[in-house]
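To keep things simple, chains are lettered A, B, C and D as they appear, and every chain counts its residues starting from 1.
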Amino acid sequence: MEYRRLGKSGLQVSALSFGSWLTFGKQIENGIADELMTIAYDNGINFFDNAEIYARGKSEEVMGEILKKKGWSRDSYIVSSKAFFGLGGKDLKPTQKGLHRKHLVEACEQALKRFQLDYLDLYFCHRPDKQTPIEETVWTMHNLIQQGKILYWGTSEWSAQEIMEAHMVAQRYSLIGPTMEQPQYNMLERNKVEGEFAQLYKTVGLGTTIWSPLASGVLTGKYNDGFPEGTRLGIEGLDWLRDNTLVEANMKRVKELTKFAFDLGMTMPILALAWCLKNENVSTVILGASKRAQLIENFKAFEGRDRLTPQVMEQIEQILKNKPAPPSF
Amino acid sequence: MEYRRLGKSGLQVSALSFGSWLTFGKQIENGIADELMTIAYDNGINFFDNAEIYARGKSEEVMGEILKKKGWSRDSYIVSSKAFFGLGGKDLKPTQKGLHRKHLVEACEQALKRFQLDYLDLYFCHRPDKQTPIEETVWTMHNLIQQGKILYWGTSEWSAQEIMEAHMVAQRYSLIGPTMEQPQYNMLERNKVEGEFAQLYKTVGLGTTIWSPLASGVLTGKYNDGFPEGTRLGIEGLDWLRDNTLVEANMKRVKELTKFAFDLGMTMPILALAWCLKNENVSTVILGASKRAQLIENFKAFEGRDRLTPQVMEQIEQILKNKPAPPSF
Amino acid sequence: MEYRRLGKSGLQVSALSFGSWLTFGKQIENGIADELMTIAYDNGINFFDNAEIYARGKSEEVMGEILKKKGWSRDSYIVSSKAFFGLGGKDLKPTQKGLHRKHLVEACEQALKRFQLDYLDLYFCHRPDKQTPIEETVWTMHNLIQQGKILYWGTSEWSAQEIMEAHMVAQRYSLIGPTMEQPQYNMLERNKVEGEFAQLYKTVGLGTTIWSPLASGVLTGKYNDGFPEGTRLGIEGLDWLRDNTLVEANMKRVKELTKFAFDLGMTMPILALAWCLKNENVSTVILGASKRAQLIENFKAFEGRDRLTPQVMEQIEQILKNKPAPPSF
Amino acid sequence: MEYRRLGKSGLQVSALSFGSWLTFGKQIENGIADELMTIAYDNGINFFDNAEIYARGKSEEVMGEILKKKGWSRDSYIVSSKAFFGLGGKDLKPTQKGLHRKHLVEACEQALKRFQLDYLDLYFCHRPDKQTPIEETVWTMHNLIQQGKILYWGTSEWSAQEIMEAHMVAQRYSLIGPTMEQPQYNMLERNKVEGEFAQLYKTVGLGTTIWSPLASGVLTGKYNDGFPEGTRLGIEGLDWLRDNTLVEANMKRVKELTKFAFDLGMTMPILALAWCLKNENVSTVILGASKRAQLIENFKAFEGRDRLTPQVMEQIEQILKNKPAPPSF
């Protein structure tokens, strides 16, 4: 396994990590979840990603139960949660979601209970909250660190401007600012990580824990011949993801890439993961495997990465033609 | 004339203002320049925009000479300059451009001499400078304010992230941050002002002095039937502007808008200016007229603005179909 | 016993103190450890030095067990630990060492458990960590103080530049900076304490808890006739210490000093300890005795120190000829 | 010419620059001085180094007179002075030297008069002053920047610890800290630039304007056969330089290097300059030529630098054997 610093922080996170979104407590049985985490840990993965909203809390319960059973040394792995959506659903009370102090504090406490842990290593603000001043959010996350309930805090799907504002507030009050951001990133979705965030790696030393490296499965090539039922993008409530990803131009790209990967002697998913690993501003690529074989296969991404020479990268660029424009001046 | 606060600052700038880019010292004779400025001033325009690079210093000389001759009270108008490009040309020495302390200080001194003025009201960093830490730039602009050589400082064509960084630095050292940004803004170019900067109006109270409200003339409708020689977009060195603006989709928009303006009973340029004035986050719309009649006509934009009801604005939106997406969450 | 302030702090530490490096949990039996600590405590030593890496955690367990058994009042002694190396060994995971927040927090918790204590008096960063920003380390140590888990924090084998940077960060965020540094210091190794750190005593009020006052035994004179097996410098993994210390020039110095000590009427080790005590910038001299008689003998260092008149010190300087040059200007 | 940023600042300084130490107003006639500066400027050198003590003020007078006569654009070059020694000599009053506010302010004013300039680009504290708190010095330099009398300030022959302290003070009071340091640096004197300062390039973005790249001529090879009268190192008052440099080990190194340079097809001085240019942490190498031919010859250093492959650098290291040890941990 390869380890990378989480942005400028000293925490070393495995370059591939394991997330339980859409799987734990939902798509897969707990026995499979156990097997997957064991394979991940045994192969050097040290970061397990989670969130309150994943399977409405059940994903954290399943993961916590496995961690307890395994008895791995607490200092050998990194666990995250994310707050914002609450446990979802229509009956949520106004105080049960968002980034105000009450929800962040209560959500953290609840996540720790579901995990059966004393502290989270990483805690994310799952979305920006226009109804809460960033000041209140930064203060709350800082206090959670001071209380020892979390070690590092970050954001997910925030804009560069919002991340900068969080750092500005942190500096103004001498607080600990956000360490990492969890954006979507893959061959079909590059704007934030390669464009908008470009300066943040230098100015605030932003780390990134990227999700959806396979574009919800589109980059496996499995939708090349149409959109079958029962696959991830068919899940209710994910229409927004589907609509952005399954556009015609992308389907054309994936077909060409699949052929290109074949010529390179690797599979389409391995090429897609390898390509993400190639980006030095990516701290870790979160895998969302639901099957043993799939997860084991994914570790070939490092070999794949080593074969992405500048020439090969340039050929990929010719197929993708979606590189974010550099700043005009 | 209508006056608006320059962002959160207390300085009131006329909602239409007058810029000398591409005209003073270059396209038009000094006599015309005098006439135009007089018409502008007599109609309540109080902001005259300039930059060191405009006609390589000559634009400032011409403007300064006119101001001197007219003898208008110094406290009745606002004058700007911008530094970054130096005087342009191939023989520039490395110390004669950029946003480091030496160039900003020397450029300010030189602009004051060309203008024959004791201080500038507004001083802009004409572009971001990747080779100078923003810290050095903020410190220098602050010191120029302290020395009484400039009154407010701002940026031009910076990203939201860079503007936030400038404010972060200003706050850290208790310095005066940038008050305004000068972005391109018009019906065809909306991303920065309506999208990227959206939060900045609230967080740092950003003012905007927008340039190219007519998209370099495209929004006058004069290119509707092709691209004649001798017009602004034919000027050598402005290919970048031309290439972004004269795309097919835009030409289609302008044709429809021209018809729409006619139905509304106003000309295309007046509709374009009125539409800019409608945006409350625009502090002032910089006009770049080179002819008397053109400038006088432009003042009708206020009447035009008053006729842009919510319904009309929505119809325009249906033609433009280029409204920047709000942040997804 | 004589007590000295730990740098500018108000904490009074005994001028001789007792460290368990290489002995507790390793070279000596727990019964001997108990005897040595009892002699130390009864003779007024109030500081017991330790680290996570000493005997891979066992040194802390042994010391903690003794402290518990003795029942000495907790406010009558000072206990330290140090984090950086983790528990050592080849199987360490990347998150189990270094000065990032996760390791410092977890290492502190683990040390407290091994010690069976509620808080450490002194907590050291055992080495600088180039992979973690000093900012993250300072914040974490500050927070541990706020949480009541440690009372003072310091560094060990850091450079003057790094210590200054820690203070700069502390000042910037209004945090508590490092109080003390634990450097090697003895007649043969003077550069850091007398040269590099010279200004730090004044500027930041640095305290020093010096280790190896006898240069790993070389200054006892026992290697004067060669390097016997089974002595400290023969321990595997300490080659770096041996190589720096056992150089020919040093052996010559020690032979002359041994004779000089004899003429003064004291033993070589007493002269060496007395000489360290003579330096006012040394807060405490950590003894590493493994035998009763040896420890008891060491207390004569105070008498010895009182006989080091300016003349005698000058004669020693003539033998050592290794006084760090003062800054050239 | 090649230009480099002065540390993290945005000011671009020529990689070779020209200093007047020991020459202007002293060893060489003013006509020669004029010729040398003209050659330098025409070849792209944009930094002229000076100090109050050089020829007791005469060096600045000569340089100022030449700059005036030439009429080069003020924004095309960078001029420095340094304060600390006053004008030297035995009759100096206590207020006429050092880094207290009175001398720094008066020395700056006097240097400007001797130069006939309105401001200095760079102003150095020529040595550390143990009799003045660094706080007073930092405040004074900051105020001189605010008053527009200097643009950047720095230090010369300060220790890493002192430079850090200056930055700490600057930060505490929100002042502008030192941008650059002027240390001695050459193949025979590497400790400060390669060892002691190693972290400062990263932490505070230190720029370096290095002096004595030829080790006072020793690296020209002209002393290979003994120490003739009438050469630089024979100058009265430079015994300290002579004593450090002309040691036997160095003479041996230079003899071997001279042969090595010959085999490489370049002269000894060119090799010595090229080797300095190779170090990326060197912002500029100050040349001290006193003859036309010598100065013109020096520009070959860039060609020479391009031939210093990693292999060649390693061979040089084998001859020098004086690379500063990296930090032990």
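By our rule, contacts are C-beta pairs under 8 Å (C-beta built on N, C-alpha and C of every residue); 3 or more make two chains touch, one makes a residue touch a chain.
Here the structure is a predicted model, which is why all the values come from computation and not from measurement.
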Chains touching both subunit C and subunit D: none
Chain at maximum distance from subunit D, centres defined as averaged CA atoms: A
Equivalent interface positions on subunit B and subunit D, same or different at half: different
Rounded Å distance between subunit A and subunit B, as computed from the means of their C-alpha atoms: 41
Chain centre separation in whole Å, for subunit D relative to subunit A (CA means): 50
Approximate Å spacing (C-alpha centroids) for the pair subunit B, subunit C: 65
CA centroid of subunit B to CA centroid of subunit D, Å: 44
Junction residues of subunit C - those touching two or more other chains: 172
Pairwise touch network: line, ring, star, complete, or other: ring
Interchain contacts, given as pairs of chains that touch: A-B, A-C, B-D, C-D
Interface residues, subunit C side, partner subunit A - complex: 93-96, 98-103, 105-106, 110, 129, 131-133, 136-137, 139, 143, 146-147, 172-175
Of all residues in subunit A, those that touch subunit C in their complex: 3, 5, 8-12, 46, 73-78, 119, 121, 145-148, 151-152, 174, 176, 205
Subunit A residues touching subunit B - in the complex, by the definition given at the top: 127-128, 157, 159-162, 164-165, 167-168, 171-172, 196, 199-200, 203, 240, 327-329
